[in-house]
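Input: a single structure, listed below in structure tokens.
First chain written, first letter: the chains are A, B and C, and each begins at residue 1.
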């Protein structure tokens, strides 16, 4: 597999170094996904692509799989209690919720711009921050307190948070080769198959790897891909001549 | 209630000339470590808020830009003295502004969220910004711009935060109501919503 | 280095009327939280000490008893503003704080940790509460409810804190042994500490 994605050099607030080291640290739980600015990684990767003459589909596919996995990890860490809630939403409701959040963040970003401008405008306003040098000292007196308040406060700190299971998040990537063989086997039996139907029963992460395998086959010229509409089913058809070549090379 | 109050205030006027009240207000403002509201001033001076307002007018006149190095300012729901703008350069030579120096983009966004939505917890801030907020919030607490304000729901809940009076002073706000209305920020949420709905529909079909 | 500096400041003399220097000194003194020496004022104003002394004379005249509520005072470290004597009563009322009814959630939790587990360090308090402890501990120390109690292990370790006799008085306790027992947590500080740290870790993950 191409190493273009994994070799990507990153310079983030929380991490500096190659992408594969970042992945290693995250998987070893030495780096919190929540601390990582994912958008900065995507920007770095796109810049990296732009510097090259041709698009490396392998690298793109690998990158998509890895960044999606990271995003899911991060999302679960940031919103542990929301997984179930969001899963129950209809697509329209989910879109509505997402739009609401994006709009909210955009408003906060603009509010931050406003605050920055305000700060610049107030630059020459100086005021005293502490008490005046010759001010009398204020004495704060506290009414008698119930010791039970302390016990309640401590009991609150000893209350465990609701448990969130992350067991299904163990990142196990099946090798791309496994899907290459599987698709080739299908194509030996049938000239055309439906990608979505073929991978429907697989977990998300395996579907992503399967998609990567599909791109690999397409790159080799072993298959032709067709999709009637965005998000529509992907039809995979074998390309006779290329398949024969591949067959010959492989059997030699 | 109008009548008796007026009577008392007539007597007080006879007792303390308004100019003396103005001087007392000057004294209070020069030793106070926070902006003082009209009510706080009235309690300390032991006079009526109306007379305090009148005396504040005198103080404002005496301590205006160009006339005095000390300027009366309405900020954070009260009144405070600050340095005149003409002295900003001299102030900059002597005083650091550690509170506001190097407020990062992350810090400003977090401040905006706490100012508009506070009291608000770190998980909520993280949900909006998409990045964990722990270190940013800790730094803002350290600078005194943000402070704890109880916990969500109670036992085991996350700590919530609000902005402090210092925040209002640093940004020269009389109240948080002076922040721009949220509805006026952020442009076209409808456009984002439509785009997402289109995606959702294509997927559902 | 003397010569060129003097030349520059000679030009400044021509530029800045002494009255403007006086206003700048007013501004510096109203912002300062320490008395300012003539040298500090000269550095900030970027002028000669002689002229600063002259300008200070103007400030003293303007801010004298009976004329202003703000009075210039010469103290050990230099000059500072104080409240006029005629305002002494009002100032006393301003600084006489009403009795506080309760403590904030942050203060209560921190006090509980120090009372049950003390002596305990700030890093440990922060770990248990999931929030930086610096400002809360500092406020409790200032209020006399919590005090330093040596360092963790050898020199160089973190400062540890315990509750004070004032704390015991406020909470009506003769000794800390009278703290209410927590059915769920048992009485052993080590057991409580372990439980709290375990919960805190679960909360942070």
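Rule of thumb we're sticking to: a contact is a pair of C-beta atoms (placed from the backbone, for glycine too) under 8 Å apart; a residue touches a chain by one contact, two chains touch by 3 or more.
Just so we're clear, the structure is a prediction, and the values are computed from it rather than from any experiment.
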item	value
Partner chains that chain A and chain B have in common	C
Farthest chain relative to chain A (centres taken as mean CA coordinates)	C
Chain ID, smallest distance between chain and overall C-alpha centroids	B
Euclidean distance of C-alpha centroids - chain A vs chain B, Å	38
Whole-Å gap separating chain B and chain C, where each centre is the average of the chain's CA atoms	20
Gap in Å, rounded to a whole number, between the CA centres of chain C and chain A	44
Touching two or more other chains - residues of chain B	30-32, 81-83, 87, 91, 95, 151, 156
Residues of chain A engaged with two or more neighbouring chains	126-132, 134-136, 155-156, 159-161
Complex contact set, residues of chain C against chain A	27, 30-35, 73, 75, 80-83, 91-92, 95-97, 99-103, 105, 108-109, 111-113, 115-116, 128-129, 143, 145, 170-173, 178-182, 184-185, 192, 195-196, 199-200, 202-203
Sites on chain B touched by chain C in the complex	20, 22-28, 30-32, 36, 40, 43-46, 68-70, 81-84, 86-87, 90-91, 93-95, 138, 141-142, 144, 147-148, 150-151, 156, 158-159
List of chain A residues in touch with chain B within their complex	32, 34-35, 37-38, 78-79, 91-92, 94-96, 98-112, 114-116, 118-119, 121-132, 134-136, 155-156, 159-161, 229-231
Footprint of chain C on chain A - complex, ascending	126-151, 153-161, 163
